Amino acid sequence: MIEVEGLTKRYGAKLAVDRLTFRVRPGIVTGFLGPNGAGKSTTMRMMLGLDRPTAGDVRIDGRRYENLQDPLKYIGALLDAKGVHGGRSAFHHLLCLAQSNGIPKSRVHEVLHAVGLTAVARRKAKGFSLGMGQRLGIAGALLGDPRILMFDEPVNGLDPEGIHWIRNLMKSLAAQGRTVFVSSHLMSEMALTADHLVVIGQGRLLADTSMADFIQHNSHSYVRIRTPQPERLLDVLDEAGIKAFRAGGGTLEVDGGKAERIGELAAEHRIVLHELSPQQASLEEAFMRLTAGSVEYHAQGGTPPTGWKKG
Amino acid sequence: MIEAVGLTKRYGAKTAVYNLSFQVRPGAVTGFLGPNGSGKSTTMRMILGLDNPTAGQVTIGGHPYRRLPNAPRQVGALLDAKAVHGGRHARNHLLSLAQLSGIPARRVDEVLGVVGLQEVAKKRSKGFSLGMGQRLGIAAALLGDPQVLLFDEPINGLDPEGILWVRNLMKALAAEGRTVFVSSHLMSEMAVTADHLIVIGRGQLLADMNIRDFISANSADFARVRTPDSEPQQREKLTSALTEAGGQVLPEQDGALRVMGLPLPRISDLAHDADVRLWELSPHQASLEEAYMRMTQGAVDYRSTSDQRAGLQQELPPGAMPPVQVPVPGQGQPGWYAPPPPQQGGQPFAMPQGQPAGPYGAPAAPGGPGEPNPYAQAAPAPHAAPDMTKPEDAR
Amino acid sequence: MSTPQPSMQQQMQQQAAPNWQAAPGPSYTSPIPIVRTHLGHALASEWTKIKSVRSTMWTLGVFLFLMIGLGLLFALITASTDTSMEGESPLVLGVFGPMLGIVCLITLGVLTTASEYGTGMIRTTLTACPSRGRVLMAKAIVFFALAFTVTLVATALVGFAQVAILEGNGAGDPTGEEWLRVTVGVSLYVALFGLLSLLIGSLIRHSAGAITIMIGLFLAPLVIAMFMFAEPLKDVQQFLLEYSIPSQLSVFYGAELSSSGPSGWGPLWIMLGMTAVTFAGAYFLLEKRDV
Amino acid sequence: MATTQVVRSEWTKIRSVASTVWTLSLAAVVTVALGMLISLLSRNEWDSMSTRDQLFFDPTYTSFAGMSLGQLAMIVFGVLVVSNEYSTGMIRTSLAAVPQRGTFLFGKIAVATGLAFAVGLATSFLAFFVGQTTLGEHSASIGDEGVLRAVIGGGLYMTLIAVFSMAVATMLRGPMLSLGILMPFFFLISGILAAVSATEKIGRFLPDQAGNKIMQVVPPVDDDTPYGPWGGLGIMVLWVVAALLGAYAVIKKRDA
């Protein structure tokens, strides 16, 4: 359990994190979303005691990070895949982390095996690809078999097999009753992994809800219907007070999530349905709507090559 | 147009790329997929003349890269976002590249505007986040207004807004008749961006086909069917009716049924005949990720395994949880693959209303809703039985 | 596939470049003609590169500080201790500046090429200019010109200062030949040595490694020679001492170790030969190797 | 308990990077070799030396002449031990593992200091014996008065230089900046201050000048230094302690 209480961080005049309050609960995967510059990394660093909050407090299982004895046994974090001395081998990197927290050496071999880096354990981290560096970072997070895990952009640089692996890893860690806190920019990944979402924008909390609620509240959902008898169905729906629209390709669309009701009506009136599918917008769409106002580095304009013309 | 013929690259005893032949055509976004270590980056580097092929050749518009008269005006590439001297300003970095190919300095400011970096143009790129570095790399690729573009993992580190922008940018560039060649590990992104796919594994060509053909050929589509929750006997009745008719039926975690091997109208008719009311009947196309995972099995380096946690057992801190041996799903069973939750299946991204659209508009995703029901096609292969130890169930 | 949207941006685009969105043909062609690039473009690019990194300012700043600082320091010490110069040229006191300062030029030279490998920038550069020899040539010219100019300014300043400070110490008036040697001669020599470092950087592709090699080249002959006590090695020792870089450098200041070693403008030709051979090697390898 | 863990971890860190071996062996080799060289020169030039110089000749100090260059490698060692953590981003991983920053900093410095002392002491003894052998008839013996103090002092001097560099690097973080400040400080500024008579008296209180004193057995001609060998080392220790306090304050306060 991570408890964040009124967390604030100010860099000079800029307020990077503004009175954040939320909890990350055990047993589920909690996603941490926000546009670039929203303060996600700063928040995660404050959780790990790397940055000092200007105000507010973070508690890890009720204690401050710096008061944890052997913190790797409580919380494992993947912050920055390249937080490794390039001249050191993967094995020694993990060994020095393990020793600092009194974790036996055999555990190092184990996590190396778990992330699939045994074959390159003695190679210098300098030569690692982004994906291998990421695996090394994940190995570091798993080292103390902690009850809380924190991952910042874990799938960065991983190949599909690796993405698939980390997704299942996070879910199973949560299923074992651990607290899993993940930040990612990949909405499609998040949709597959997270159960709960914490969304921030410009340092402020925008949402702290379950995944399903988040999508429902921030997007438009409808039911798509395909039937050989569209006229009859339209009449039936109209009678029942349900507004239906003709969409392209011979389909009908009904706003809202009323699939059950439509199914019952169709059965009652003996109308054949070839499709009755509730459509929900993606997490990406929901996220975009929520954070539209808090994006930095807006790409804009086309690329008309006007700069070529002299004068 | 990029054309590789018999491309081979050996590093000592290791063959990184073997006898690779393909064409990347203009006017479409071509995705370049393969596991880590499959030779994607090597191929990209050979296309750009950075590495010399051991055998075979690769040409752009008929010429090897290094013979192009002014290469950056014809080919733009994003190879590695951090391939920048960290001590140099973003603008100076681009300026030095522009000068190299006789591009006026005004174009530099223009591309900085395009990628949204004009505010940090005078900052050292050392302090850039991965996403900003990626934008800088994209700016460099666009600098020469080239007709061929190569992107290696373009969305690494970008935030959702940036991902959407890059996606639309690539589609728009292709729509203008340019050749766009993109490698990525993110299948969900590729599925909504690419029109054509080239897949390699262990340095050899595995597939070179249209994205929809690829998915159809390598996975099974299915239908999700839900009966009234209050009457479980309806579900039983429908299950037996569908099974009798030759369909494969599997339960979903929320009580719905997953039906394979039967087209939607047939399911509807069978339900009607069995007097079963339907609450949902929706088509689902398998994801690109699933198709990809099936194809590239056995061509993967650095395979992860489950975490045994035995090394910790002798010294558990007091009060710590005893290690629970819950198997990590999918591990040790390469064929297992979790299908995506229903709401994601084939769901295209719709442009949010009221938000400024990307500069290139939002073209419809391939395989979008306007397409004919994909489920109507007969499933080519029986779907592997989903593992029931799915974490959702475990909860 | 792109659905036209009546947005402001698109309208503007269409005004700016009519065929931007049209693209009826199968292949896109940029509306702007493609110019043929030449060495001039590469020179402009390399000049932008070298002046836009802090390490250039640092190394050249320290270089100037050492050149001028040490030159003045020794002149001042000599002046304040009332040592008589006994008619010798005051310019000889400048020899210590380039001895230490050359380390800065080694660093800058190596960084000009090797840092591109360290950061991965080299891939961007060689993608933008596949004529690799041109890139190397441009780097060499820009670096050499910069190093030569800076050294020339420093040596000239130090020379004038020394002559002025040591007027009262019985120093001789340097001849035109002497002036030429300690300014242009030293500058050419030192800049060539920096250029050699640049080429070694391109060959080794690793900053620290290349700097170590160059400093080794600079110091090792002297150090090795000092350990050659055995009589049969006397000739080797003599050779190493006379042809080591510091001794060659002192030749320009008229401070030769012995009469048998290089003299006059000799060191310059030696350095020129070494640099030319290394340039050929670096050029060949750059064209041939994978990046 | 936690401290021993940190020390073990830091020991793994320090022995698993190549720069440790490089810098320390360079320090030893340069110190010994240069000391031998200067000793050799002194012996050869003995006859041309003035009587006064012969009278005040300090064989022990002469064999330590290489330390003026060898200490630069020690500085590099000290700087890299600390600043590598910052330049690679490893510091975040390390501080997440050991959030008690004081323990972390002093654990790291203690391990590096121990190593530097072992290498420094060995170097000092080696330089002394090699130098004395080279000096031949003009050499000193380890049993002479003050010589053992000077030799052990040489080891202490090198160690303190390394610790000072570590502390400065903790405050400045970047390896280039730290080296860019420390190198000229020890190599140029201190030399220049000592060479110019007006600033000579200030120069004496710089850490290296003061610490140097411990290696002298025969005081130089008309020596008017206001402190003795141990006094000089004490001044150097004060510098080091001040730098360490600064480093502690910085690491406590600043964000990682």
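The chains carry the letters A, B, C and D, assigned in the order they are written, with residues numbered from 1 in each.
Keep in mind that, in the parts below, a contact is a pair of C-beta atoms (placed from the backbone, for glycine too) under 8 Å apart; a residue touches a chain by one contact, two chains touch by 3 or more.
This is a predicted model, so every value here is computed, not measured.
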Chain pair, B-C or A-B, that carries the greater number of C-beta contacts: A-B
Of all other chains, the one whose Cα centre sits farthest from chain C: A
Rounded Å distance between chain C and chain D, as computed from the means of their C-alpha atoms: 32
Cα-centroid distance, chain B relative to chain C, in whole angstrom: 47
Centre-to-centre distance between chain C and chain A (centres being mean Cα positions), rounded to whole Å: 50
Distance between chain centroids, defined by C-alpha means - chain A, chain B (Å): 18
Touching two or more other chains - residues of chain D: none
Chain B, residues touching no fewer than two other chains: 145, 359-360
Residues of chain C engaged with two or more neighbouring chains: 9-10, 20, 30, 32
Contact set on chain B toward chain A in their complex: 33, 35-36, 103-104, 106-111, 113-117, 119-120, 129-132, 135, 142, 145, 153, 156-165, 169, 185-189, 224, 226, 228, 264-265, 268-269, 272, 277-283, 289, 292-293, 296, 300, 302-312, 314-315, 317, 320-321, 323-324, 326-331, 337-338, 340-341, 343-344, 347, 349-350, 352, 354-356, 358-360, 369-370, 372-373, 391-392, 394-395
Parts of chain A lying in touch with chain D, wherever the complex brings them together: 45, 48-52, 65-66, 68-72, 77, 79-80, 82-89, 92-93, 95-102, 140
Residue ranges of chain B touching chain C (in the complex, touch as defined): 1, 26-27, 45, 48-52, 65-75, 77, 79-80, 82-89, 92-93, 95-102, 140, 144-147, 171-179, 357, 359-364
Complex interface listing, chain D residues touching chain A: 1-2, 5-6, 8-10, 12-13, 16-19, 84-85, 88-101, 253, 255-256
Chain B-facing residues of chain A, complex: 27, 33-36, 70, 73, 102-111, 113-117, 119-120, 129-132, 135, 142, 144-145, 147, 153, 155-165, 167-169, 171-172, 174-177, 185-189, 191-192, 215, 220, 224, 226, 248-249, 259-260, 263-264, 266-267, 270, 272-282, 284-285, 287-289, 291-292, 295, 297-303, 305-308, 310
